[in-house]
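Which chain is which? They are A, B, C and D, in the order written, and residues in each are numbered from 1.
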Amino acid sequence: MNRKFLLASVIILSLGIDAFSNKSKDSIKQNIEKIELKNLSVVDYPSDKGNSIILYFDKDEKQKNFQYEIYLSTDSANWIKAKQAKYDELSASNIEIPFWMWNKKRNINALAIDVTKVFSLQEDDYFKQNPKGFSVYAKVIAIGDNKKYESQIVKGIAKANWFRIDRLNNLVLVLIISIVFFIIVSRAKKRELFIRKIAGLEAIDEAVGRATEMGKPVVYIPGIGSMSGISTIASIFILGEVGKKIAQYDATLKVPHYDPIVFTVAKETVKQSYIEAGRPDSYREDINVYITTDQFAYAAAVDGIITREKPAACFYMGYFMAESLLLAEVGAGVGAIQIAGTDVDSQLPFFFTACDYTLIGEELYAAGAYLSKEPMLVSALKVQDFGKFLFITFAIGFSILLLIFSKIETSYAEKLLDIFRVR
Amino acid sequence: MNIIKKYIPLTIVFIFGIITLASYYVPHRASDEYLEWINKWENIVSAFALFLGMISLFYSHYKKIQRKVDGWGYSLFVYIGFFIIMGAAILSKGNISKEGKLTYLGWSFNNIFNPLSATMFSVLAFFIISTAYRSFKIKSFAAFLLFICGLILMLGNIPLGEIIWDKVFGWTKLTIGEIKDWIISVPSTAGRRGIMIGIAIGAAVTSLKIIFGIERGYMGKE
Amino acid sequence: MKEKLNKILKLDRRYLFVLLTLSIVIPIIKPIGIPSKSISTSVKDTYNFIENLPEGSTIILSLDYDPSTAPELHPMASAVLKHAFKKNIKVIILTFIAGSGGLIDELVRTIPPQYSKEYGKDYVVLPYMANPLAALTQMASDIHSFYDKDINNKPLKDYEMMKNIKNYKDVAGVIGITGTALLDYWVVYVGDKYGVPILGGVTAISQVGYGPYLQKKQLKGLIGGMKGAAEYEKLISQPWKGTSGIDALNIAHILVIVFIIFSNIVLLILKFL
Amino acid sequence: MDTQVSVILGAFVASGLTLFIFSFLYKDNPFFKIAEHLYMGVGLAWHIQLTIYKVIIPKVWEPLKLAWQNGDTFTVWMTIIPTVLGITLVTQFIPKISWISRYGFTFLMGYAAGLALPAGLATDFSNQILGTIEPFANFFSLSLGRMINAVIILIGTVSVLFYFFFSVEHKGVVKKISNFGIYFLMIYFGASFGNTVMARFSLLYGRFDLLVRYSQKEYFYATNWIIVGLLIYFIAEKIITNKLLKARS
């Protein structure tokens, strides 16, 4: 009884296995033939942390309808299937690395493989245990023409790299910007660099002139930025210029402040400009007033000043947030000439519609640099101009090149795009 | 003294700046490990930055109360608000809800912090309406273009606008939604991109200046 | 005549405030009920992204908004979360904005039970972190080394869904819903640097500024403002605050348009008078 | 805290604070000032409690305690150094030793600058060039609409850049191109204006929605009571000031 049972179960078991491994049995029947795949190699995936390899071999026109199975092993005895793919699925262009590291046009079958995924290794352990790299054996089984061919076995190492060559384009860009920056700084210290006239600055003269004629004050609002912001720095330089004009024309100026540090700096600046205009006697301490460091309370207080004093001109220069809306509207209401300038995009629409002249974004920096001639401001502006110049040349030049290449040779187009591609 | 006051800080900024910059180009695990610990450090250091705000707010209102300046009584409410929330936080051990029920802290969030901060900014809606009425001047072609785009976006953003558009311009076979999408994704993208480039280079220059110790504004007075 | 017109232009703004209040409050009490028709491509892209994710994949939902922008962004977060749960997608919720805690708490108290989702198995909530830069960079190599604990102060490693999640490679995408520049951070420090798909939900103010990122596909999709929220709610056929909100804003928008046109006509007449 | 009382109390507090702030629209008044000052304190406390409970306790205090018990000196140092750097920030307020805060600031600035430089250029420069030129790589296979869009974006971006170009005098062709650029800027501003309107109104909707909800019976008509209270205050104030003015004259 016992033996019968045993026999029966063995038969059932073997039948089961049989059914289960039907496919593999077929393939064994088919007799795996040996094949020499040309140039089959495993190389380290460049510029990575050390967990990937690239496997490649030459394309063979005769294998067009073939399927490939790629096997990896750590000891060339136990093989794990890493990938199964058709002939067309394994091309050199699938590997996403730029042209200066990899020729995408080569006529090869290529595949990138993450070894930690294939051998299901924990990344931490993997890197700890293989500091010098991870050796892998690989072979390819080609299936086609109702036959199976097994390739030769090759060996390769996945190792950690020290430089991301694929980010070379970025490094070059950073270097270019840095070098240009240092060249411009050293030149700016020696002599004055050219900045074109900013159209809005002429409007300042006009506004101050009108204020003098009407005998009404000018209100200058330096915004709610701190002294470290470029827009506030630019604003203070413009304030210096406005102060000079006002001192010359003998008009009155009022500057309400949000930030205590900006307040102290502005006091010095205005005093200096009155001295430079030769009117130190007209300078009064109450030109600059400190209001409060609270956005809405500041806006409400400035609104109060504008409604009461009914200025002939209002300047809004610097960093503004939502209060731009509250301020410009009241200024427009009292009929003042309004000149604004800010680098906050979202506030520009409100200034643009409610003011007579608006300095947009970088124009504010440029106005500050133009008036002050301060080497650091000027050189930063010059580097920005250089960046814009680069952009214009690249955008126009490469668009034309791409148009041409798209007609004649598409692979060049890919290479051109690689130059800017971020990885 | 200059060495500890000035040169060591400048060296710190240079070293951390350059190594962090380099980590962008180094795929090796060492770069990951460096980032791991520096990220933890930054997390801790920046947490303390908040106490700066606390000290300066407390100090300025303390001064107001001490000098009995106009409206000093309101300054007391700064402290009251602070202690209400801190008290609730301590009672609730920093948890907003426990087992699906609101804690004291959660209650304070919903009924004190939330209404205060949400209302502060919603006030701006009122000023939009008065700007539209009193100071939106279409005085040039540029301003007209601005208005037209604003108009299309406003109409495209509301269902009623879609209906109005279909009634008036239905014959064009274009929906307002399509035009709105096109404005955002084509001409306005060009405008925004033009602004972006200069700012991006400007930011890069600022980073360079900081790393090389040229920009020291954040270090305070010399 | 001239004086009269000038007077009209300088109308006390408090009358305008009353008009605006009425134009929003009345539709809240008595909804107009015009359905929103069009759906913008960027919202549709966001919807399709989630719709086409394989079941069981994981997304990061970065909810970085506080009460001051919640009316626009909260409906988006709710809609995205509902959509993800409907598609059996796992969600990691995190935040870098201090004021978001109560809002996230409200979401996870109300939505998961509707889809019988379990904490730790289908979603986790990570605690607030003060410094997004460090967190975003660190999650590229190991989430667990930065967020060792979840919001309940329990080890993150102990949760079932987090066992197979190590870094961005194990995440299908990131959806950043924010009223701040945090979405830019996701694009700059994660999307472009590590090749993770980034999608966003933003306030209407910043929506227009994301044009360049959308055009270059650095952002795979974007939900913009209350209109975007309403559109998403329509796509998942679950109308909520976005739909009722945009309905209430109909009249107010028309009011703005009428005011601009009116005051400019008056100005024009004044010029020729 | 989920009882009936706390819900109704919450409704009164929430709608009260909301209306206090809105009362500013009528005119500046003590209720607005109270709410405004409360907000400063509350907002700060909210951040501080989060930092304490979500960063300092779990990231500094607990690891330090654990490492200390285990004698893990490396971790102890790795936690103490950033903590000390953090504490140096606070010395900013003591003028005599404020230079110490430079250590903390330089660390933060160096880290942020190093991280931002390459990533910022990649995203906002390289990728933007790529976005502008990419459509031209397969230009002739695009639909007519897409062709036109690609050209508009190229021309638009370049002409806006001309507008922001400060090293050349704006004359002749340059002036023409940059004037063209202004139109693209205006379209961008117009679009952002239109959307700002929706954004601000949405916030207002959020507040009004809540006020309407709290004016219902289950919240004991919280909104209504507060409105009545504020009205009484403003009327009373007006009567009193009028009387005072009369008495003075």
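Note that in this section contacts are C-beta pairs under 8 Å (C-beta built on N, C-alpha and C of every residue); 3 or more make two chains touch, one makes a residue touch a chain.
Please read all numbers here as calculations on a predicted model, not as lab measurements.
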Chains contacting each of chain B and chain D, listed by label: A, C
Chain A-chain B separation of Cα centroids, rounded to whole Å: 19
Centroid distance [mean C-alpha coordinates] between chain C and chain B, Å: 15
For chain B, residues that touch 2 or more chains besides their own: 21, 24-25, 32, 38, 40, 42-43, 46-47, 50, 106, 109-110, 113-115, 117-118, 120-121, 123-126, 128, 130, 134, 136-138, 142-143, 146-147, 150-151, 153-154, 156-158, 184-185, 188-189, 192-193, 195-201, 204, 206, 208, 218
Set of chain C residues in contact with two or more other chains: 10, 17, 20, 68-71, 99, 101, 129-130, 133, 137, 142, 192-193, 204-205, 207-209, 211-212, 215, 225-227, 249, 252-253, 256
Residues within chain D bordering two or more other chains: 24-25, 36, 40, 43, 46-47, 50-51, 54-55, 111, 115, 117-125, 127-128, 130-132, 134, 153-154, 157-158, 161, 164, 185-186, 188-193, 195-198, 201, 203-204, 206-207
Chain-level touch network, classified as line, ring, star, complete or other: complete
Contacting residues of chain A [partner chain C, same complex]: 123-124, 333, 345-346, 422-423
Residues on chain C engaged by chain B in the complex (per definition of touch): 9-11, 13, 16-17, 19-20, 32, 34-42, 66-71, 99, 101-102, 105, 109, 129-131, 133-135, 137-138, 141-142, 145-146, 193, 204, 207-209, 211-212, 214-215, 225-227, 246-247, 249-257, 259-260, 262-264, 267
Partner chain D, residues of chain C touching it in the complex: 14, 17, 20-21, 24-25, 28-29, 68-72, 98-99, 101, 127-130, 133, 137, 149, 153, 187-189, 192-193, 203-205, 207-209, 211-212, 215-216, 218, 224-227, 241, 244-245, 248-249, 252-253, 256
Of all residues in chain B, those that touch chain C in their complex: 24, 32, 35-36, 38-40, 42-43, 46-47, 50, 96-97, 100, 106, 109-110, 113-115, 117-118, 120-121, 125-126, 128-130, 132-134, 136-138, 147, 151, 153-163, 175-178, 180-181, 184-185, 188-189, 192-193, 196
Residues of chain B touching chain D in the complex: 4-5, 8-10, 12-25, 37-38, 40-57, 59, 71, 74-86, 89, 93-94, 101-126, 128, 142-143, 145-154, 156-158, 182-201, 203-204, 206-208, 210-211, 218-220
